[in-house]
Each structure stands twice: as structure tokens, then as C-alpha cells.
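Each of the next two complexes has chain A plus one other chain: chain B in the first, chain C in the second.
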Partner chain A sequence: MALKHGLAAAVLALLGAGGLVAQEKRSGLDYMTPETRAMQEDDMSNPGMLFIAEGEGLWQAPAGAANIACSGCHGTAAQSMRGTATRYPAIEESTRRPIDLAGRINLCRQTQQKAQAFPAESPELLALTAYVAHQSRGMPIAPPADDRLTPYRKSGRDLFERRLGQLGLSCAACHEGHAGQRLGGSIIPQAHPTAYPLYRLEWQTLGSLQRRLRNCMTGMRAEPFAHGAPELIALEAYLMSRATGLPIETPGVRP
Partner chain B sequence: MRLALIVVVLLAAPAAAEPLRSYSIAGDAIVQPLTGHPGDASRGRTLLANRQASLCLLCHQAPVPEPHAQGTLAPDLSGVGGRLSEGQIRLRIVDMAHISPSTIMPSYYRISDHPRTAEAWRGRPVLGAEDIEDIVAFLVTLKE
Partner chain C sequence: MTRALINTPKQAQQGEVIEIRAMIAHVMETGHRRDAQGAAVPRNIIHRFQCLYDDVEIFAADFYPAMAANPFIAFSTVATTSGVLTFAWTDDQGTIQRATAEITVV
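Take a look at the complex of A and B:
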């Protein structure tokens, strides 16, 4: 036991000294059990694929007062949406503020289709977002070189590194300092948003990145930011720039 | 919604009403029990083993059931009673940051002033004085 303790102390000392700076970028997929990995990698067993099929149906269904489908403007998603998810969040020109993929979809719904926005975490919004993101599966995350995003990435990074909530933990404390180690029974991933929306076995459904971030905040005993809050978009903008080069996996599967 | 809010406030009220007791730090230890009397080791064991209540096993391992659900972010607590004195253990639970400012271990007996502390946890420590003394009483028994 003394040896084990000594070892742990040595590892902690290393972490304290920034020993993991050169840590390799790894998707959450790499930390999962062979069973969960296999479930994600085989389209026949990946439960997220059902939502992709649903999203395809929604893509082609005319909607709203304009009675036009997404495909009415964008044609075949496999062509027009290829690579889109690798570039989000992006600046939305009318507000000059960053918007995430789900927000972009809802904006099209309101301005083009003249329909009501889908509520956050609704099955329709998740399915459409997943369907669009799925068109980039395998493509490396490539955030746009748009200077207007810089301040948002920076405020996302500040948030990531700030101690929050009753426990005084920061996102970085777990995801930078201790990735690969176990928090209770769960392996802590590096927090790369490569696979969203994804199917979480614990949720028994598809969920958004924002749902994941809100869950982590609840675990920190911090008041989670509301769905769609600018802070969550800023966090996503930072996380995406931090994940540059990792391939999109949507729909992911996580425990 | 309003009802839920009221319930949370009511739940939080008793703990918030009980002010933190004062304690004195000697070197790297708090020698006197926070409550003035020794804790209950068997209750302490139960509390430590309850990950939702004490959170200890999210980060630490300890000689209690379900080792596969215990964290690996922190030193194994096996044998901690042989390595540290009772008073040293008490200070480490009360306020690890006092010893190690950059630690990730929460200060269990402090009112959080970190931003966005959730409503239900505002104005109260992570654990009360009795709980901490019970856990201290259990940890000092872990001699190997």
C-alpha cells in the first residue's frame, strides 16, 4: 500500500508540474470499453443510427408556412452538408455572434420555413442535428479562421479553467489534469466534442453537447447554464478549437 | 417550479442556519474535534462508502466494497491512519486547500464562494461537523 501511495503521489506531482502538456489528443471513444466501441462503430448496432434515419425523413419533409423542406433549399445533404459540422460554432451574420449547429437549424426553420423553432433537446432537433453532423463523419474538426470567434473561444477557455460550484472544481481539473483516470466508476475523457449529438446508454436516448456540459456542471454542484446560453456556445467554440484535427463521429455512443 | 424552489430553500435552511464552528490549525493539523467529542467510526465508514453523500470515493480508493467503482484521482486511503495523525486527517478533510492551494480536493468545511454555486448548496459546507468527525474516526482506524 505504501508503494501504491508513493506511486500515486509521484503521478500527482507530475501532473502538478504540467507533465501532461504533451498529452496526445484522444477522442472519448478511445477510453471506452471494447463493447461500447463496437456498438458505436457498427451501424447495425449503433442505436444513434435510428435517429439519423429519422433526421433524414425530417430533412425531406416540407414544413412551416413556407411549406418547404430543408432539401428544398439544400438538396442532397451528403453533398451540401458535407463538412458543415467540422466548422461549427460559426459566426451568424445577422447577429455577428457565434451560433451552434442546432441553433443554425432552428434559424433556418424560423426564417426560411416560417415554422416554430424546435425546443432544446426535442427529438426532432436532435435527429436533424445528428443527421447534418453525420454528413461529416470521419472528417477532421476544422474550426474557421474567423477572428470574430477569437473572443468567444477565449471566454470559453476562461470558463473551462475557472473553479465553479460548491466543490470548486474546474472543467480543466478533470479533463486536462486527470483524463484517462477514473472518477468513481467512470473514465474521464479529454472532453473533445467529436460525437454529438450522441446516444448515451445512461440517458437511453440521443442528447446534445449542451446536455453533457450541463450534466458536468451539476456534478460540480454548479448552477448549469440554460440551454442555448451564450456561455455554452462559447465553451463549445473553445472545445472545438481544442479538438482541431480529431474526426467527427456522430452519432457517438457513450456509457 | 415555485414549489420546487421553496422545497430547496427549506431543505437548505437548517444547514445554513447552523453557523460553521471555529477551529484552530496547529502546523498541518486540527487537533481538537470540530464537535468537541469523538465521531462514530461505523457511521463514518457508511458515509465514506456512500459516493453521493460524501463524494470521497469519486476520487479515492478505500478498503470498502466495490473497488471498481472507486476513483483513481487521489491517494488510496488504505493505511492513511498509519501515515497521518488524527489532526492531520481532520485538516485535510476540512480544508485541503490550506495545505495545497492548487488541489482538486474540495474544502469540505467551508462555505463556497466559487461562482455559480447551485442554489441547493449555497451557504452550507459540503459536509457538517458531525459527518466529518465520523469520517475522521473511521480513517484513523485504517492502519494498513
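Take a look at the complex of A and C:
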């Protein structure tokens, strides 16, 4: 507890220091140690690649009552899924609401394969999502110019800038006001969702952007939004528009 | 299903020192954690890694708790003849996962 209070005090002292600073857009990758960067950049030492291999297996495996594989309809992912991750979340026509990539995959699983949706954060859903997103690695984030997304991006931005939780912090206080500075042992990145699902060394496994956002909310002593909550999709829609132009890195590695 | 990534040169000169890198998906459960109900989660780590070059052991290692999940290991050997490298990881549940890689020596 003493440590936690100390940390909170350190945060508050830090946040008193200055306002928002206009900065160049930088991926979290840029703030990492050379060792962690090297781990991400070499496919042979990037543990996320184990999940890409798993995702490729799932892509080709027939599933559900329809007994058909993703590849049965979409063919080679390298062609059909190239660029897909750069433009999610997108509006899903049947509900006219934004859906993230994992949600889109689960939709195909239910409506096309006639199978049970994979649970949030399950190894299968993470592996398939990472495999699909990996097909866009190196491509710039390019959110769709779809006016129907505007209100969601706006509510995501409101959430990002609003004070949440017992410490009275907003996401922006850390990720815009103090990006590049230290919080305890960690460097505060600008919060660009470029590399998800990614392998976090602290998690010892692959995790989704929603898991990351929930972690930050816990750190703010706010009650995290549930997996799949519209607030998390809105935050993602805002973060993706804010990250426009940065290349997709999936599978990223983060400390 | 074995989920392992093996990196060895496909081809090497006779007598050349080659680097071998292997990574496998495994939780490496330490045995020190408790689940949501408070029950101890039994230890399940890979405790033995072995590499055979045409059935002859050329490298082996014992692993202990406190190793990270998805262990990565790198070592080197001398390319002698064209053949098969076999990798085996044995965990506390007795599961042995295997992978192979071929090498051509010229």
C-alpha cells in the first residue's frame, strides 16, 4: 500500500508539472529498450509469432455446423485480409454500430460457420485476430472516412479526456501531457493501438487492446469497462483515428 | 499440437559453426500461483529440452521454475553431415512436444 500511495503521489506531482505538449506521433515501439525492440523486430524471437502460427492453423481448420474454414470463403489471408486491420473498428451494416476486428471475426464464426463465438481474450480469438491483423503489418492505419463513425470517435475522445477513477486522472493526462516521461519503471507511451493483439512481457502471453485499456483503467483506480463494452470500442475508434498513418506492427511486443 | 518456431540454416558448410534457435508455446506454470478460488495451481513447466542431430544428443538443458512462458533457447553446434535435427520438450505432465528441421551439409 505504501508503495501504491507513493506511486499515486508521484503521479500527481508529475501531472502538476505541465499541460499538453504537441508531439510527433510515435509508436510505443519507439519508447522501448533496444532489447525489447529487437525481440519484436526479429520474427524468430518474437513470441507473438507462436500465436500467428496458431492463427494460421485456425484459419485453415473447418469449424461449426457449416463445417467450413475461414479460408473456404476468404482464400489466402495474405491477399484477402491485407489492409483489413488498418480500417477497424468499422460500421457493421447489420447493426449499424462499430465493431472491432475481433468482433468481426466472431461474427463470421457465428453467422457463416454456425459455430459458438470465441470468448473474449480466449487464445483462439487472440490468435485469429493477430493472424488477420498481421496481414497488414507495415501498412499505415487508415480509418474509414465513414461519417457514421464520427459520434463514436467523439465519445471515445471524451472518455480519453475525462477524469476517471479515484486518482482523478484522465488518459490524456498521462498519454498526452506526459508521454515519454517515466511512471515508476515504465515510460509512458502515446497510447497508439498499432500492435494489437500483442505480446506483453508482463502478461507472459498475447493480449488484446481491450485488456491493455482495462489495465490502464485499473491503474487509474477506475472500474474497467467490461470486455466488449461499447465504451472500449469507442475508445478504440478514437485511438485509431488519432494514430492515423502509423504502421501496423502486429504482433507487437511490449514490456 | 506443437507450436514451436525453429530457426536453423537450411544449408551449411561441413565444419561450420551454426546457430540454432528454438521457441515453444508453453505456459511454464510455476506452481506458486493460486486460482480465483484460492486453490494452488499445480506446477507445469517444461523441465527438459533436448536436441538430437541424427539421433545423437548434441544439446540438452534442464529448466527450472522462474523461467518465462514460451521459452526461447539458442545454442550452436558444428555442421557435420546432412541430416535431421530433432527437438524435444518434456513438461511436468509428461507431455513431450517434438519438432524437426532438416539440414544439408555441403
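Heads up, the rule we're going with is that the second predicted complex is superposed on the first by the 233 of 255 C-alpha atoms of A that agree within 3 Å, B and C clash if a C-alpha of one lies under 4 Å from a C-alpha of the other, contacts with A are read in each partner's own complex, and residues count from 1 in each chain.
Going forward, a contact is a pair of C-beta atoms (placed from the backbone, for glycine too) under 8 Å apart; a residue touches a chain by one contact, two chains touch by 3 or more.
Nothing here was measured: the structure is a model prediction, and the numbers come from that model.
Ranked by how many residues of chain A each touches, chain B and chain C are led by B. By the touch criterion defined above, A:R221 lies against chain B but remains apart from chain C after alignment on the C-alpha atoms of chain A. In the superposed model, A:A145 lies in contact with neither chain B nor chain C.
Of the two partner chains, chain B is the only one touched by A:R162; chain C is not. In the superposed model, A:L50 makes contact with chain C only, not with chain B. Judged by the touch definition given at the top, the superposed model places A:A65 against neither chain B nor chain C.
Of the two partner chains placed around the shared chain by superposition, chain B is the only one that A:H178 touches, whereas chain C remains out of contact. Looking at the shared chain after the overlay, A:A78 reaches neither chain B nor chain C.
No residue of chain A lies in contact with both chain B in one complex and chain C in the other.
Chain A makes touch with chain C in their complex at residues 43-45, 47, 49-51, 53-54, 57, 201, 204-205. The touching residues of chain A, when paired with chain B in their complex, are 1-2, 4-5, 8-9, 12, 16, 162-169, 173-174, 177-178, 181-185, 217-218, 221-223. Those residues of chain C whose C-beta lies close enough to touch chain A in the complex are 1, 3-5, 7, 21, 23-25, 27-28, 68-70, 72.
Taken in their complex, chain B has these residues touching chain A: 51, 55, 57-59, 68-76, 78-79, 83, 97, 102, 104, 106-107, 112, 114-122, 126, 144.
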